[in-house]
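In what follows, subunit A forms one complex with subunit B and a second complex with subunit C.
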Partner chain A sequence: MDRNRAIIDSLLLLLTGAAMAVNLWLIFYFAPLERTMGLIQKIFYFHVPSAWVAFLAFFITFLMSIGYLASRRDWFDRAASSSASIGTVFCTIVLVTGPIWARPVWGIWWTWDARLTSTLVLWFIYVAYLLIRSYLPASGTKRGTLSAVVGIIGFLNVPLVYMSIRWWRTQHPQPVIAGGEGSGLEPRMKLAFFFSLAVFTLLYAVILRYRMRQSFIDGRVEKLLEERRRS
Partner chain B sequence: MIASVVGRSAPWFLVAALILVVIMPMECAFGADGASSVRPGGGPAGNTGYVFAAFLFVWGALWLYLVAIHRGQRRMEERLSRLEKSRGGDPS
Partner chain C sequence: MSDFSGLIAILRKDILIEFRTRQALISMTLFALLTVLLLAFAFEPTREETALIGPGLLWVAFAFAGTIGLEHTLSTEREEGGLEALLLAPLDRSTIYFAKLIANVIFMTVAEFLTIPVFVVFYNMNLIPFLGPLLLLNLLGTIGFCAVGTLLSVITAQTKLRGVLLPIILFPMIVPILLAAVEGTGALFRGDSPVGAFRLLIVYDIVFVVGGFLTFGFVVEE
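Let's look at the complex of A and B:
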């Protein structure tokens, strides 16, 4: 069992590494330079997929939190917290790469427009989620219940972040994908972008697998310590 | 056997990918002969610095996160193994 898991882990890691290398080749050699922004636009191929993974991770947290409240099974709680921590990492990447892209293009690092502010609020919500989990004791159902509630309510901000550039006038550009008439990407850019999206999704799945395993071991340790305390 | 071979080569594969992250923006900006190949959008040198910063942050953050997970997992596995041994159970 352990041997099979090790083989699968190694193969997944290799596959992700290879896909990332191809992704970089597509980004820097295959996709053409954008006419007005030049090289700096290459950040787009990491910035947007990171945002997609963050949204996906928070959606999984939302679903798993509902599952936990409905069934009280630890597995849902573990999946929710694992996904939330990955989502927070990718949300951090979005919040850092965005200003790095903005500085040479907009001339400013940050502005309090609807997209940027709602993304920052989203990040704070999930940092709070992780803090709640780290401060509350693992035994009992209090930690799972409270974090599930935050996981569900926190997700309500995700559609707001997504729609913010459609609902309000923002410094952040209008959507390039599914943005209606006049939007869209050059075909080679589109291929590089969707490949990047797929690779980041694969990366999320691989990291989630690792985090779930870690969380499972944490749970077993907690259980044994609890047994020891009682005996 | 396969797992150990693949497992041993995986970190090197990731190191190679990291090197690509550094080389590719440089070649994309300046070309193989060092001449600027960047068209509009500001000076290539200035923008290259921003691209480097962004890509290194992405890879650095992901790498550190994976290392943190790996170390945490190993620590917990060792702790679990000790607990199960002291309990007299089978660690497997």
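Let's look at the complex of A and C:
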């Protein structure tokens, strides 16, 4: 069984590595240069897929948290927390690449727009989730239960944040920001974009697989330490 | 014991303790007043500027004071196993949640009502024309704040760092409430209609109270 897993692992890594290389080629050579924004537009192929992965990861955390509260199976807790940590990393990438793109294109690093603000709030919520989790006792069900509650209400909070900022913005009109990027994308750009989206999703799945395995090993180490402390 | 009389009993106990010690109220009110004072020093606003930054300033003070209050109500329960005893009572967990929520709302509202007159004096604001809607708005914002806060304070109290983590998770969670409350207060200061803010606050209050009610049972289990 271990041998089968090793084969699947190497195949997955090979596939992901190759797909990422192809992705870079598609982004930098295949997709044409955007007319007004130029090279800086390339960041879009990293920024949007990272955002998609972050939201997907937090959504998985939300689902797994519900699963944990319903079943109390350790697996759900480890899936939820692993996904949350990956989501936080990708959310950080979104928050870093966004301003790098915005500075030359919008002329400002940051604006308190609904999407930007809710992403930032999301980042804070999941950093807090990971922090709270790290200060809870690993033995017993307490860590899993409390993390699950934070994972659920944290995710439910996001649409409320989005709604309130949109409402706030309609009260205070701001300068119009660049229109929807998805509208009328050049076919080669579209291909590169959707390929990138798929590659990032694959990357997420692969990291999740390793992160969960690591989490189970963590659990085993904690258990051994616990036994040693008792004896 | 019916759930309602249980709720009243817990509430009565909390209010009695507070009435005798006055710990939470004094520390919350002083903290809110000091925040107002510090921000007045930091910004030195003119009358026009006060109308602009006043709502945000008030709510920052309330949020800080509220955090202190939430930590306090829980730390008194923690001493000598008060919470365990409470959980042993033949009551539904949601009853305990509602009792704690109402107690927190009462303490925080009193602290707010003591802070507002001082704000009026320090910043030369005339709040009399819209005092009614302002107090109602405060109450709605406070209910939402405490609905999330009561739940989260019980969670963070079980971590090794105790109350230190509470503001770190509480503040991002109350962003929507804070925004609606600040915007509503701002509308009142400018003489606009605050109906939109009221409506949003009511929606948030319902969402957060129901969310707290559904999950509280999980966070107090042993």
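A few remarks follow.
To be clear about the criterion, the second predicted complex is superposed on the first by the 200 of 231 C-alpha atoms of A that agree within 3 Å, B and C clash if a C-alpha of one lies under 4 Å from a C-alpha of the other, contacts with A are read in each partner's own complex, and residues count from 1 in each chain.
We adopt the following convention: contacts are C-beta pairs under 8 Å (C-beta built on N, C-alpha and C of every residue); 3 or more make two chains touch, one makes a residue touch a chain.
Being a predicted model, the structure only gives us computed values, none of them experimental.
By the document's definition of touching, of the two partners only subunit C reaches A:154; subunit B does not. Of the two partners, subunit B and subunit C, it is B that touches more residues of subunit A. Looking at the shared chain after the overlay, A:187 reaches neither subunit B nor subunit C. When both complexes are aligned on chain A by C-alpha atoms, no subunit A residue touches subunit B in the first and subunit C in the second. Of all residues in subunit C, only 148, 151-152, 155-156, 158-161, 165, 168-169, 171-173, 175-176, 179-180, 183, 196, 200, 204, 207, 211, 215, 218-219, 221 touch subunit A in the complex they form.
Against subunit C, the residues of subunit A that register as touching in their complex are 69, 117, 121, 124-125, 127-129, 131-132, 135-136, 142, 145-146, 148-150, 152-154, 156-157, 160-161, 163-165, 167-168, 171.
In the complex of the two chains, the subunit A residues touching subunit B come out as 2-3, 6-7, 9-11, 13-14, 17-18, 20-21, 24-25, 27-29, 33-43, 46-47, 50, 89, 92-93, 96-97, 100-101, 103-104, 203, 207, 210-211, 213-214, 217-218, 220-221, 224-225, 227-228. Those residues of subunit B lying in contact with subunit A across their complex are 2-3, 6-7, 9-10, 13-14, 16-17, 20-21, 24-25, 27-29, 38-42, 44, 46-48, 50-51, 53-55, 57-58, 61-62, 65-66, 69-70, 72-73, 76-77, 79-80, 83-84, 87, 92.
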